[in-house]
Structures are given as C-alpha cells and as structure tokens.
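Below are two complexes that have chain A in common, paired first with chain B and then with chain C.
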Partner chain A sequence: MTEPVVRRRSGIRGNEATAGWLFVAPAVLILGLFLVLPIGMALWVSVSGWNGQGSPFAPGVPFVGAQNYADLFLAEGLTRENFMISIRNNLYYVAVAVPAQTLLALALALVVNQRFLKGTSFFRTAFYFPSVTSSVAISVVFLFLFANSGAVNALLAMVGISGPAWFADPRGLLHLVLDGLGLVDVDNPPAALTGGGPFGLSWWEWLAGPSVAMSTIIMLVVWTTSGTFMLIFLAALQDVPVQVEEASLIDGANAWQRLRHVTLPMLKPALFLVITLGLIGTWQVFDQIYVMSQGKPANTTLTPAYLSYRTAFTDFEYGVGAAISFVLFLIIVVMTLVQRWVMRDRDEVRPRRRWWPRRGSTS
Partner chain B sequence: MVRAGLRAFVAACLLALAACGDASGPVPQRTGPADLQVLIGSSGAAETKAVTEAAAAWAATSGNAVTVIPAQDLDQQLGQAFAGSSPPDVFYVDAARFADFASVGALEPYADGLPSAGDFYPTLRQAFTYQGRFYCAPKDFATLALQVNEDLWAQAGLTAADVPRDWAQLTAVAERIAAKGITPLVLGDTVERIGAFLVQAGGWLISPDGSRVTADTPENLTALQYVQQLLRTRLARYPSALDTGWAGEAFGRGLAAMTVEGNWIRGALAGDYPGVRYTVHELPTGPAGEGTLSFTTCWGISARTPYRAQAVAFVEAMTAVDQQLAFASAYGVMPSVTTARERYLQAFPADRAFLDGADHAQGPVNAPKMGNVLSDFDTQLQRLAVADPQAILRRLQRNMTVALRD
Partner chain C sequence: MTAPGRPARRGGFRTLLGTFLGYAVLVFFALVFLYPFVIQTANSFKTEADAAAHPLSPVPDPFTTAAFTKIFDSTAFPLWIGNSTLVTLLITVGRVFLDSLAGYALARLSFRGRGAVTAMIVAVMAVPGVVLLIPKFLVLNQLGIYNTYTALVLPLLVDAAGVFIMRQFFLSVPTSLEEAARMDGAGVFRTYWSIILPMARPALITLTILSFQASWNEFPHTVVAVQSPQLFTLPRGIANLVSGSLGAGTQYPLKLGAALLATIPVAIIFVIFQRYFVRGAAEGASKE
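== the complex of A and B ==
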C-alpha cells in the first residue's frame, strides 16, 4: 500500500512561519506571563475554596465548582445581597456617568474646535488637566469640596440652599424624585415594591437610583474623564474634511443640520471608542470608591470592583472575590457587544446577517 | 494555531503550579539569633517611634535583629503576605479581625504558654480566644466611657452630682439639657458604640465562646428600644445628624453635652479642640448593671515563622509591665496587664473611668467572617430611629448564623 503523499508547503516562503513565531515570541511570552497566566490562576481561585494561606495551587486547596458563583446569584444571604446592591449601584453609575461624560466631552471638543475661539490651546490644556492628575489626589480634593462645611455647601448656602451631607447621605435620587412628585413616600414605601424582587433585592431597592453620595462620585468621574474623551473627539473633528462642511454650507444647511447630519456621522468611530472606553472604565470604578467612601453610606457606593477587593482581602473569601471579578468581566464584554450591535453600520449591505462582529472590520 | 495556543497555555499553567509548590506542613524551626520582621498598624508617628525604639532595645540585649515595618494598610498587606507564603513573623492583629486570622490557621497559639498569661484582663483574653485556645498576647486596650462637656453642663444648670449613673438618670438629665436647647448626647451610629447598651441590658451578639449567635434576644431588644427612644426624642443624635464625621468632632465643637467614646478621644480633643473642658465618667448602668466595650490589638505570631521561640521572647518583652507603661505614656494606650493598673492610675488619674471599664467590658465579636455581617448591622443601626428593632435583630441573627455555619 502506498501512503497518500502529504505535501508540505515548501519553497521560498517555507521558513517564514518559524521566523514569524520567533518575531512574535517576546510579545506572546509577555502577554502569556502577565495576562493569560494570571487570568487562568484567578479563574482557578474563583472555583476553589482557597482561604488565602499559602499558594492557591497547594494540594490541600479544595475545588468547590460553581459554589462561589452560586453564592452570588442563587444562595440567599448577605453575599448575594451585597453583590446585587453593588450591581445596582454600578448600573446607575454607568447609566448616568457614561452619557454625561460623552456629551460633555463632545460639547467641549466642539467648543475648542471653533476656529474663531481665542486661546484655544489654553482651554484644551485646562479641560485635559483633570485627566493627567492622579485620581487619588482629585478624590481627596473632592472630599474637601463636598464636606459638610465645604466649598460646595458654602456656595449653595449663598443662594439660600441648605446642601446635603454629601458623603453621608444614602438616599437614592430616584426615591427622592418620586417622593418629590408625591408618587411614593420614602419613609413608608408601597408594599407592592417592597414585597419582592429579583435576586433577593426588592423592587423598591432596585429602583433607588444613585445615592447622593454616589452622585458626588459620578460628578468627579465625569469631570476627570471628559478631558481625555474630549481629546479623542477633537482628533476626530479635525479629521472631518473642510470640503464636506463647505458642501453642506452650499446646500444651505444651518448650523444644527451641519452638526446633526454631517459632523456627528463622521464622528461615529470616535463615539464608539469613547462609549466603549467609558463603559469599561465605569464598570471598573475602584480608586475613587476606595479613597472616598469605601462603600459607605449604607452600601450605596459599593461597586463590584471594590466589593471584590473587600471580599478577598478583608474577609479572606478569595474564591468569591475572584468570582465577582469574573462576573464583572462578563458584564463588560456583554455590554460592549450590545453596544457594538446597537451602533453597527445600518447602511452597509451585508450578504448575511450575523450578530458577531466581522473579523477585521473596524467600525 | 488555536490549539497550539491552548497547549502553550496549559503548559504554562502546569509550570506555574510546579513553581508555586507546596506550602503546608510544619515549618522547621531555627535557633540562634533571629531576624524578626514586625509589621505594625501604627496609630501615628509616636507609636511607630516608641515601638521601633523598644524593638531596637530588645534586639540589642537579646542579640537578635528586628525590623519594624509600619503598614499603610495592615489588613491588605497581611492578606498579601499570607497569600504569598511570606508573612511577617510578628504583626498587629485587631480583635475585630482576630477570629478571621485564627480560623484560617494563620496564627500561632502561643499566649497560654506565656508566664504572664494570667495577668491579662479577662475581657482581653476572651477577645483573643478562638475555640478554647488563647492565641496571642493583648498589646494594650481602650474602653468606652462617658465624656461630659463641663461648660455645657454648667450652662444647663447641672453639677457633678448630676452625671447619670443609670439609664433612667441618663434620660432625665438629657431632658433637662434638651430643655435648654442643647443637644444632650452625640452617639456613634455603629455597633462599636451602641453595643455598650446591649451589654448594659445583659445581652450581646454572640456567646462568650463564640460558638452560638445570641443576637435576637429580649435583652438586646430592650437596649435597642432604649437607644431608639433616645434618638426619636432627639435626646441622642448621630454624628451625621450634627453635620460631623464622628462623635468626637461634635463633642469637641461643643454641639453636644455628652458623648460615648474611648481613650482615643483624649488625643483627638487635645489635638483638634484644645479649648474644650470635659470630664470622663463610667457609662451609665442598664437593667443588667454595668457594661462597656473594649477595643484591643494583639501581637500575633505567624504560624509559618521559623523563629517561634525568638518571636515569643520578643512579645514577652513588649508586654512586660515597664514596657507597656512606657508605651502608655508615649502614645496614650492602657496596659493590658492587671499588675500595671496601679502604676498607670498614678500616672494618669483622669483615666480611671476608662480603666475601670475593663472589669465589665465586652470585646468585639470573636467569630470569623463577621465583618460583612456587622457592617450590615451598622447600616441598619443608622436607620434605628425609623426602623423596627426586632426586625433588625432578626436579620442580624439570620446573617450571623449563616456566617458562623460556613
């Protein structure tokens, strides 16, 4: 019998594969060592009962399967409650911070992009300044600003408003608004809402909205990140060809029409980038929480990233802490995919609809 | 290519496993001069200096080397050190975190073997006892007492004889103060302050041996109802309600006539509000008599240290009577041993109320995994004025029981 001849591709390009691997080896090694390997280790910790003593890979460390994940979603108890509260807090945080910082950054970029504005470079520097300052330093400054007898409350007092005790106020903004409209009574919430809700948290608690304390952190983050995003928008704006704008001028478009139908569509890739970075950054918020509130008051500034840290390092529940961070990772991936789907290019004619992004497409 | 990547990944994981290696089993002990790493969670420059000097003196006389490292964040640094199998030999352990460390086998149970083991105050011994073993030597301690603002007291027409001795007198005197338009009492809104009322009512959250949850009891309910009454009638206010960060700030600014704080309030008032004149008294008694809370830290010795004997000798030197009195005058703490009591009182007669509290003080909850549960209890206590005390205690009972079972 004769074996089928396996033809090896050879010839002038035969050794290129080896050379290619050789060239990418440093990057692969570094990524593997500092990215893939730690993620794999953390994945193991998230399904183990490691208590933080010695190596998590020592023989005695038990494998507990999905137990840590079940604690977060299924098992009734404080672990699930705290986790769900942190998810709720972060949802509201993202829902407010991402649109706010995107709009503010866009507005700032449009303003400093004006050719008629004097001192443009001064404003660009000024708006970018918060982004290059240490977030810990800014957090501490905000602590002073929003202290009970701080500058913000002093300013409010000048116009006759008695400001809240910002960092000590756990009341949810949505609760306050509903209460203000006379729809519900905060001290005596409707039984229909307090009765039950998903994941052990009542509907009333899900609908709390960001607390007053959380809203100060939102303000801080919007202020610090809008500078960076302004730069991204600015770069995109300067790529908009002058001819296109002139063409629209000749067509008789007014300023708003030019913005809405010419400038904004051309900014779409930048918008996608800004929203993606914003989503990732806001879901991972940690340092501001760690410096300013540590989850207080009444857990209303607890976020999954901070809860993960606290669970692992102060409660020695490393497994649950790692599980939280993987859930957070999944949330971010799903959010980004959803956003990519929402912002897909609808004009493009596709041979076949598919929900996943096409390889190599850069939209 | 995907498969090759996977293979490489698996290989890397196995390599990592082999590299990390096994870290269990007894640690071989080394004799002779030791090089001790001591990690401390210092209260400030004064404590760091005092401990460093004392350690250097011990090192010089005993022939060992000691490195004192002040931690930025003690909990986190210890967590990392344990996970990396390279913990310091000796470190501070807060009583509130003690059971967490003891339950995972991080601590060497050495304290029963100390010659001075019987000399420590019983409340402090209990705070560092887990499953019947006395683990580590208390470093020093503080208790809660009642501080009275002399000027506001006089303004309300009260004298030294009016300092409340029990709950009924506290209510009565508070009403007289409130009638003058002064806030009578500012009270911290956590279990670390309100817990004293539980003890005075004869209750506490957990049985003395830390094995059984006793949160949902009639005694605790009595205490919470009493505090709730004070809050509802505005005889007591939480610090946040007075726009302050903690009770000491409200008291120092003269916003309230009384507060319940520990020894640390002396340093805080002297530093921030040197003008305020105040006296310190024992807490009023409740239905079950006297009661206060104690706060303490111990000298933990790592279960993985190769220098066990040397570390124990170091702790012995640090907890000796003379050394503790030196620490007391350096940074204002109370010695943890009863034989230092008289000499301490001679040096600091004004601290008698704090020190007398040791006889009926309750330490923190000495069971593991309670951090989350107790911070949830704190959250509930912040709403005590409008909440149902029975529901709060039921919730706490449930959460503590679950945490204890795990």
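== the complex of A and C ==
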C-alpha cells in the first residue's frame, strides 16, 4: 500500500500539497455534507421530538433523551409492536435468503466453472443479468409473476396445484408447516404460546416464520443477488491452481471428495465474503417492499428499513424513525464485526489483492 | 495409491452423463433467470384480457401496442425519461471526473491529511445506504434544496466506492511516465489530465458504466430528495404508477411495458460492456 516516496524539491512538494487538497476537496465536501454531517443531524433528531415542522434545530424542538429508543424496546404500545414485528420479519427474511442465495450462487459457480462444458460464458451472463437491472422494474415483473392470475399460479395449475393469493396472504410459513404436521392448529393456537413473549410480541407471533407474501420478496431477492455472488465464487474458483485439482485426481479422489476437501476449503474466504455481503444487504431491503407490498398484508412484509421510512415520512414521527435507523445501523455493524471476527480466525488462504472494491450499494 | 491418470473417468458413459446433467442444470437456470424477462416483454404487447388469461405464453394473441401508446399518452413517462436522462448524465460525468481526481490525489500526491481522507472514504463506504435515508432528507431540508433537481444530483455526484476504485487503480500503475512529465515542468493538473487519465482508460470505463447503471436505477435517494411529480425519475415514476392510483391487480401490460422501457438502456449497456460489469462485481470482491 505504501509507495516509496521519492524526495523531491520542496517547491514541487509545496505545489503537490495544494494540488492534493484541491483534488480531494470536491469529494470531501460532498461526502462530508451529504453522508457524514447528516448522521450527526439524525443523531440529534433521534433524541428529539421533532415533528417535521420547521427546522429540527429551532429552539422550540423538545429534547426527549432516550425516549424514542425506549419506545422501540421498552414501552408497551403500537410503536414497539410494529418495530418488533419488523425485526421478526427481517430475521426470518435473513435466515432464508442468505443461505438460499449463497448456496444457489455456489452451485451455479461450480457448474459454470466446469471445463468440460462449452458456452458457459453465455450462461454466466444470463445468470448475472437480473443483478444489473432496476430493483423497481424487477419488482413490477414479480408483481405480475405472482399475481392471482399470474405466471406462477398458471405454472402451478399445470401440475394441479391451486396457488395462493401471494401478496394478500399473511399466513406464516412456519405456522403452516407446524399445522401441516398436526402439531398446532393455526385457527386455534395453543394458549401456552399466545399468552406472553419477549418485547410485547407473543411466542406464537415470534414463531410465525416468513409470511407467504414475504416469501415472494425473498424469492425475488435471491433471484437478483445470486448472479453477483456467483461471480465472486467464480473469481475465487479461477484462483484454484489446476495442479491442486490434478493432484487430487491422480490420488483417485472422486468428484464429491474433491469438492469437499479441495475446492471448498479454498473457497472459504469467498464464502465468508458472500455471507457478509448477504447479511448486510438483507437487513437493508427497502425498494422491493416499497413497490410490492408497503408492509402489507397485516404488517408481515414490514422491515425495519421500510418502517423507519414510513414512521418518519407518513406518520411524521421523525424522532422514532431516526432511532429505528440507528438501531438498524447497529445491527448491520454488529453483523459485519461478527463476520470479520469469524473470518480472521479461519482465513487460511488470503484473497489476492484487488483494486476493485465491492460496491456498497443498497441491494 | 492407484496408477496415475486412471482412464476410467475419461470417455464413455460417465462423461456423457456428466455433460448432459451439466447442460440440464445450466439450461434450467437460464430459463429461471431469463424467462421472466420474456414474460415481461410478451405481456406488455398483450391485451389486458389476454395477459390475465395466458400469463405464461410468450406469444401475444392478439398483438397490440396499446399499452405503449397509453404509457406515452396518459402517464408522465416522457417527463420521467427526461429527468432520468438529465440526472444520470450529470451524476455519471460528475462521478467519473471527481472520483478519479480524488482517487489520483489519494494514490499519488503527498499532502498532510491524506491518511485521514482515505480513512474517511473507507468508513463512508461501510455505511449502509438505507440507514442514511432520514439523515439525507434532514440535510437537504436544512439546506433548503429539498424537492429540487439539485437534491437529486448533488449528493450523488461523488461516491466513495468510486474514489476507492480509482485510488487502487492509480496505486497499481507505474510512476515513471508522470515523473518524467513532472521533471519536464508540467504542473500537477496538467500531468494528471494529459498523462495519467489516458492511461486510466479501463478503470474509467468501468467507473462510467457502474455510475450509469447505479444512477439510472437509483430509487431510495429520490424518495427522500423530491416529492413533486415534476421531479420524478423513471424508477420513482414507475413505483408511483404501480403502488398509486392505477392500483393493484390491473393494467399489467402497461406496468410491464413501462418497466421494460426503463430496463432497456441498462440491458444494452450490459450486453455491450458486460466484461466491465463482471470485473466490477467479481474482482471487486475485496475491500482490503
């Protein structure tokens, strides 16, 4: 990272210092003004009772301390209920989407990387294409695919299944599975579970699983992200030396043994990277919710990101909205740190240094 | 253990089976990833009744361009295209110029505070975008530029990831040429403009394409930057069309057509420059 600094004449050096600052000034100004400063402003708003009228820094705006945060975690009421529902929804969303997109991306990369298959570059492009399209446009397509008279239900009808009304169905998948196994009755849930639970949400509600409506958004996100993650795995696979693979062939290892003991260990850094990016991305889902469901039905597609937006811009409770943003920020930071920590421990093969960073975009 | 290069694996039934299974998987997933676009295109040329009755069919029957006529006649689609084009052009030009300028300074010029600026860029990259929605609104509101073209463009004129991309690129090219130019007495900006930038073409193309794609598709920023329909870009307009007055359940040919038109520019760029996309995504894996 450090380059050898050649001693130059002081005149050019002085010149360089001015030029250096002039060159970075626009970037520093814009990033500082629109990314760093706003975080400070939002921190103040999250401990204030600002309602959107006038400036949040006007003298009349009350300081409410940790009240907005307490409303999210401690105080009984609609605010906490909605927030906890959004956390539950997002937890299930992460728990399904991250493993699904990681496994699908890995599987696709392994197949595309096979040397005995021709024309794989076409398929690589095809799998990646959904990732570059607009999240809004894709959401419209999925609204049609999963509509009551849409393509997915038409496909299901061909095999004799009558598909659900996807976007209107708030039933939790875990509830449905438990009901299907005969363990509980969805219409008459056991009193032991409905009686109480942490943070004002009953155990029964915590155990709902992602709703049918949420599952369509999960499918959409897995579909759009797998291509990008496949490329990360492919880049790592291309770093696996051919000799290693040949050596294992000579040793008589079968395909499964080679995958398990040769390829996968070398993919570990890429695997952790994909999981980290997945965890960060899935806590930020916003566009798809805004276009497809707006939190409906029965709040089962509500996520913290969308809730913070709705609380601020529809309910004009900017303080609570900002507080939700900071809690979300904290969740993502913790996820990242945990991943980093796990990664440092197991990072046996360091990835080749690259000069392109992964773009930190919102899904 | 066994003799080297066991021939049993090569040739014969197993390889044939492997090839067949490999292609079966590839073709199946190609359908999964591409057929939705076929359905989208086909249904945007259908009548509403046909789209509802035969959503899976790739052939419109009857074929009609009614949806597209309606998109241009009875929605603000032309306005959204205009806004999107303007905003995308400004942001892309701004990012390519300002990101490369800053990236060059951080890689090559020695000045006090360089380490701090680099650390800030890296820190900013790690901030999740969705968390910034309310904060961005607050600052735009405070500056009095909420609901203006300035609010749509200015905050996105620089992106930290782009600065970082350019810095890493400039760190990787040899210094001999620019040193020679500087010895000859060329100023810092002149050296940058006529020696460095031409060398940086591959990185600049990648940056241009990523900026174009990101700003053309940008949605959440527009939600907190503007509210007047006069300032809607394509994603914002389409989101409004879908969740707004035209309501759920109907008008699918129209909605799909609008989404299709919004996808086409990025699709064209993707097909032409796909290796740059692939590089941006895959080689971009590591921030370290």
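Here, the second predicted complex is superposed on the first by the 309 of 363 C-alpha atoms of A that agree within 3 Å, B and C clash if a C-alpha of one lies under 4 Å from a C-alpha of the other, contacts with A are read in each partner's own complex, and residues count from 1 in each chain.
Here is the rule we go by: a residue touches a chain if its C-beta (ideal position, glycine included) is under 8 Å from a C-beta of that chain, and two chains touch if they have at least 3 such contacts.
Given the structure is predicted, the values throughout are model-derived calculations rather than measurements.
When the two structures are aligned on the shared chain, A:S325 is found in touch with chain C, with no touch to chain B.
In the superposed model, A:G77 makes contact with chain B only, not with chain C. Contacts of A:S134 after superposition on the shared chain: chain C is touched, whereas chain B is not. Of the two partner chains placed by superposition, only chain B is touched by A:D315; chain C is not. In the superposed pair of complexes, A:L155 makes contact with chain C only, with no contact to chain B. In the superposition on chain A, A:S55 makes contact with both chain B and chain C.
In the superposition on chain A, contact of A:I30 is made with chain C only, not with chain B.
Once the two structures are overlaid, the count of chain A residues touched is higher for C than for its counterpart among chain B and chain C. When the two complexes are overlaid on their common chain A, residue A:N299 makes contact with chain B while staying clear of chain C. Of the two partner chains placed around the shared chain by superposition, chain B and chain C are both touched by A:M41. Residue overlap on chain A between its contacts with chain B in one complex and with chain C in the other: 28, 32-33, 36-37, 41, 55-57, 148-149, 312-313, 318.
Within the complex formed with chain B, the chain A residues making contact are 28, 32-33, 36-37, 40-41, 51-60, 77-79, 81-82, 148-149, 165, 168, 170, 187, 297-299, 311-318.
Of all residues in chain B, only 8-9, 12-13, 16-17, 20-24, 75-76, 79-80, 82-83, 85, 97, 100, 104-106, 240, 243-244, 369, 371-373, 376, 379, 382-383, 386, 399, 402-403 touch chain A in the complex they form. Residues of chain C touching chain A in their complex: 1-2, 4-6, 9, 15, 18-19, 22-23, 25-26, 29-30, 32-34, 36-37, 39-40, 43, 51-56, 98-99, 101-102, 104-106, 109-114, 117, 120-121, 124-139, 141-142, 154-155, 157-158, 160-161, 163-165, 168-169, 171-172, 175, 179, 182, 187-189, 192, 203, 206, 210, 213-214, 216-217, 219-220, 223-224, 234-236, 238-239, 242-243, 248-249, 252, 255-256, 258-260, 262-263, 266-267, 270, 274, 277-288. Per the touch definition, chain A reaches chain C in the complex via residues 1, 3, 5-6, 12-13, 15-21, 23-24, 26-28, 30-39, 41-42, 45, 55-57, 107-108, 111-112, 114, 116-117, 120, 123-145, 147-151, 154-155, 167, 223, 227-228, 231-232, 234-236, 249-252, 270, 273, 280, 283-284, 286-287, 290-291, 294, 305, 308-309, 312-313, 318, 321-322, 325-326, 328-329, 332, 336, 351, 353-362.
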